Amino acid sequence: MINIQDIRDTARDMLAKGEVRAVIGWRAGSRGMPAEPAVITAPEQADELVWDPTCYHNLALHLVEDRKFLAHARKTSGAPIAIVAKGCDARAVVVLMQENYFKREDVYIIGVSCEGSGVLAEWKLARHLNGAVPTAAAFAGDEFTFATAAGEKRVPARDVMADRCLECRSPFPKEHNVALGEDKTGRDLAAPFAALARFETRSEGERWEFWQRQFERCIRCFACRSVCPMCYCEECVVDSINIAVAPDTTAEEKANRIRWIERSATRSENITYHMTRAMHLAGRCVDCGECERVCPVNIPLRLLNNKMEREARERFGYEPGASIGGPSLVASFRDDDPGDFIR
Amino acid sequence: MTKKRTGVFVCHCGTNIAATVDVSRLAKEMANEETVAFSKDYVYMCSDPGQNSVIEAIKENNLDSVVVTCCSPNLHEKTFRDNATRAGISGFTCEIANIREQCAWVHKDRGEATAKAIKISRSAVRRVARNKSLEPIAVPVTRRVMVIGGGIAGIQSALDIANAGLEVILVEKLATIGGHMLQLSETFPTLDCSQCILSPKMVEVSRHPKIKLMTYSEVQEVTGAVGNFRVKVLQKPTYVDPEACKLCDECTVVCPVVVPNEHDLGLTSRRAIHIPFAQAIPASYTLDESACLGLNPIRCGKCKDVCEAGAINYDMLPKTVIEDVGAIVVATGFDLYPQEKILEYGAGNVEDVLDGLQFERLCSASGATKGHVLRPSDRKEPKDVVFIQCVGSRDPAQHCAYCSKICCMYTAKHARLYKHHVPDGRAYVFYIDIRSGGKGYEEFVQRAMEEDETIYLRGRVSKLYRKDGKVRVLGTDTLTGQNVEIDADMVVLALAMQPSKGTEEIAKVLKIGRDKDGFLAEAHPKLKPVESVTGGIYLCGAAQGPKDIPETVAQASAAAAKVIGLLSSDTLNHTPTVARVRRSHCTGCEMCVTACPYKAIRLENGKAVVNEVLCEGCGSCSATCLRAAIEVRNVTLLQVHEMIEACLNV
Amino acid sequence: MSEQQAYEPKIVAFLCKWCSSAGSDLAGVSRIQYPANATPITVPCSGSVSPMYILSAFNKGADGVLVSGCHIGDCHYMEGNFLARRKIHLVKELLQFIGVEENRFRMSWVSAAEGAKYAEVVKEFVEDLRPLGPQEKLKAQRT
């Protein structure tokens, strides 16, 4: 079990010595739980850092935001920035480094292993607390403990952990500068891509029925895109509203942006947006689950991205976030890539 | 943006297009397009008056772009682009809409064909509306040439190019040039001594002031593009100084290592230190490192001890030489299909069953038996020799599907040579067909049959095996309908020609294609037989496909002519429809760098930069980029987007 | 003849310039007749076909989309079709996953010598598309 002091000490130490200019981690939320992402810059702030089952956010997003801020302010980064990263988050950082968004030496990864407990899926919690309002959560071996007005409640982790954690095979952050917690790798409670396999037993018509209903609900709020660390593009290719204008953008370019889809949040346009996003995330999505968590209308986006991930792994032997040095999925090929579908 | 003024020229192509597509309606529809300022139809747009009318129209109507709706761009894209240039606008503002091969010629219904022609034309109009006025990129060239392969093809090509005044580097992987032609005894149809006609050329190569000969060398790496290749060549150490070696042969006498002699295809042996054959070029001995006991006086050192000329140097090191050349000719030749694969004919394990090159060595005066045709097993003169054609060729089920072209002729030659050596012997040839299409070839075969009394049996051999000191051959004669059994003293198999060992590797290094049988692929089977698909790299000889010596020499000279044409001026024009980076969108992820088949993109200061000389405009980068930060000029994402809309009448 | 036109599927065909478009030309030279439903867009290489083109074609109302390139190993640009093979596989899987009919999207290798094959590919495609009717799932509903 990770001692929270270790995280705080590491952060305090590095900030005090000036070895990093900031540490991205979690602090207690305004209502106690869930935790919220925090960027601390002073050693004294290290005591605010927490580590509990509500640390489900993918903090790699904040690395991206930090870089964008620096780029727009035309500042150079100076000392590296540190990030407290779970196993899944560390893979996201690897993808960002694979794409040169960061140099390895610019990020100090304080890896934290969930040691197989996974993180909490809040919507699953309600039925276990009989109406009690939790104010704090903590890791306790194979259980989570919740502080409530009615006393401490213990719930088996596997009953309330996020779906993606059930299938997770890499709880330990392989890429790290320092790693806290035990290397309990390869644990899976459910077969990988189990939900995907279940979905694929549906017929073509049933699948369309399903996705039609999902995408009719989409309001194109783009929360999924905003929360995804991989969606760092200045201008989203498929979205004609979000247009990046640089000093060298000509008037002609401004007038001639491609409108791949209409702005209206109709089913056809929504589907095209989501399919494009799934294609662009193929080989890059590490299944941090944030897109699905933040979707205000509960579209099962993980299903879409998992489909691409499984194709990448099973057909092309490609694992997203496995290696900083390797080529990306769509920029490379193997001589024996499947081609039976080609006439 | 100033309003586009596109001219549309609809060709009738006589009745080829007009019979199925309503050309005047097409011209009218195009006139309605927002960017079209001029639209007309004419019976033959590619004719002189047709072309002139295009030029006039451009000038008179201030057109800045042109769409010609006609036949395939393969035919007249260049024609109309040249017209555009003559009229004063960039050739790259002219595009062709193919409404003949891809429309009028393949559909019958006038309504459907016209509707489709309108879509195709509208698509071209919308695309051209965004074409930039590009000009070809001038690339300075290196006026030196590398020829890879020192057989007759490489030798001829090198001589032709060098005689035109260009510097040539001839790279050969063996210790001597000459290739397989050197192993032949006589050549058909003249029965000229092969060595006699080849040696003068070999000597000419060695003496030519413009030819740099690199033997015992192999090409390792090639970078760059047409006009500017950089080649890394590995020169392996021969351990003998060619300037010092006096060819006295004292070293072979003392060398304790005996290995099969490759030049005689294993029929004789040689020592570790050896000369491939007496008249090798360069004239020097070579120490075969893989056979030698150890290159070290402690292990052996005998050859060095007896070398009075002091030519042997165990400390020679491999050298990597870098050469900059403007063009490359690939003449890497052929090998015979391995006998081991022919299970029905003994898989190489039956004694006295030879392949064609081995038989040549028996016939050759400098060969294994000093020119006498003798059985390898007991050195007796064979009285019954069976020649089997099409071994491994014309056999799609088990071996090679193609015909190896030369076997009928050299089998006739072998039969004739055998009969000249052993006049009282009997020569049998099992054949399926006789392919004797060259000058004097048919007559040559007839002489084999009539004058030299070779017995030609039309049928195949089902199997052969050793029996009582002879090779029993079981075949059939389909013209008489009888089975034939011959107890032969010797059997010669006309094995298929296959690309030489190392062809696959050299094709990868040069980034040129190979065809379905592994031979180097020509750019067009009819019209571009000596050009590879990669600019600046030419092919000749058996590396490109089975062929005889006259064809090889013709191709070698043809490749030389192409090279001389390519390098006839100091600069080359490179097509400007290359990739362009939108720096504002590029995040430096390097996916395009990885995807580019030409390694034409690199990262500079965190953004992708395209080497416009290396870029061929394939668009792989553009399709890979997640953020539309790179696209190919004049086939941009926006242009394709509008073409899609045009195709769907949106 | 009925009042309503019989349904004719609209196909957008992305043909690579060096092989498939040349193969299509050969079909023309050989006067092989095939249905007029496929409108060709010639691109430099099958590797230059972005997944966006395919999704956009469906979004703009294509009933079927064809991508055709050089056979593996024969790409004029050496590796383009290897890259295409991977990306197109992903697009195809995604379309099927969403529930778009499998027969609406296909890829073929057509060489410059395969005029007859190109005609066959189009013929088969049209026949397979007819029973599916117009494509409504991804088509933008414009008011």
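In order of appearance the chains are A, B and C, and numbering begins at 1 in each one.
Note that contacts are C-beta pairs under 8 Å (C-beta built on N, C-alpha and C of every residue); 3 or more make two chains touch, one makes a residue touch a chain.
What you see is a predicted model; the values in this text were computed from it and never measured.
Student: Relative to chain A, which chain has the most distant C-alpha mean position?
Tutor: The most distant chain relative to chain A turns out to be B.
Student: Counting C-beta pairs in contact, which chain pair has more, A-B or A-C?
Tutor: A-C
Student: Quick check: how many Å separate the C-alpha centres of chain B and chain C?
Tutor: Going by mean C-alpha positions, chain B sits 33 Å from chain C.
Student: As a quick test, compute the distance in whole Å between the mean CA positions of chain A and chain B.
Tutor: That gives a centre separation of 52 Å.
Student: Taking each chain's centre as its mean C-alpha position, how far apart are chain A and chain C in Å?
Tutor: 36
Student: Pull out every residue in chain C that's touching 2 or more other chains.
Tutor: 51-52, 56, 79, 83, 87
Student: Which residue numbers or ranges of chain B touch two or more of the other chains?
Tutor: As it turns out, chain B has residues touching two or more other chains at 595, 624, 637, 641.
Student: By residue number and range, which residues of chain A touch two or more other chains?
Tutor: 237, 260, 330-332
Student: If we count contacts the way the header does, which residues on chain A are in touch with chain B in the complex?
Tutor: Touching chain B: residues 99-101, 232-235, 237, 244, 246, 248-249, 251-252, 255-256, 258, 260, 280, 327-328, 330-332 of chain A.
Student: Okay, in this complex, where on chain B does chain C touch?
Tutor: Going by the criterion above, the answer is residues 72, 74, 98, 100-103, 105-109, 112-113, 115-116, 119-120, 123, 511, 513-514, 521, 533, 595, 597-598, 616-620, 622-624, 632, 635, 637, 640-641, 643-645, 647-648, 650.
Student: So in the complex, the part of chain C that touches chain B is made up of which residues?
Tutor: Residues of chain C touching chain B: 10, 12, 21-22, 24-29, 31-36, 39-45, 47-53, 56-57, 60-62, 73-80, 83-84, 87, 119.
Student: Sort out for me which residues of chain B touch chain A in the complex.
Tutor: For this pair, the touching residues of chain B are 1, 130, 583-585, 587-592, 594-595, 603, 606, 624, 626-628, 637-638, 641.
Student: Spell out the part of chain C that touches chain A in their complex, as residue ranges.
Tutor: 51-52, 55-56, 58-59, 72, 79, 82-83, 85-102, 106-109, 121, 137-142
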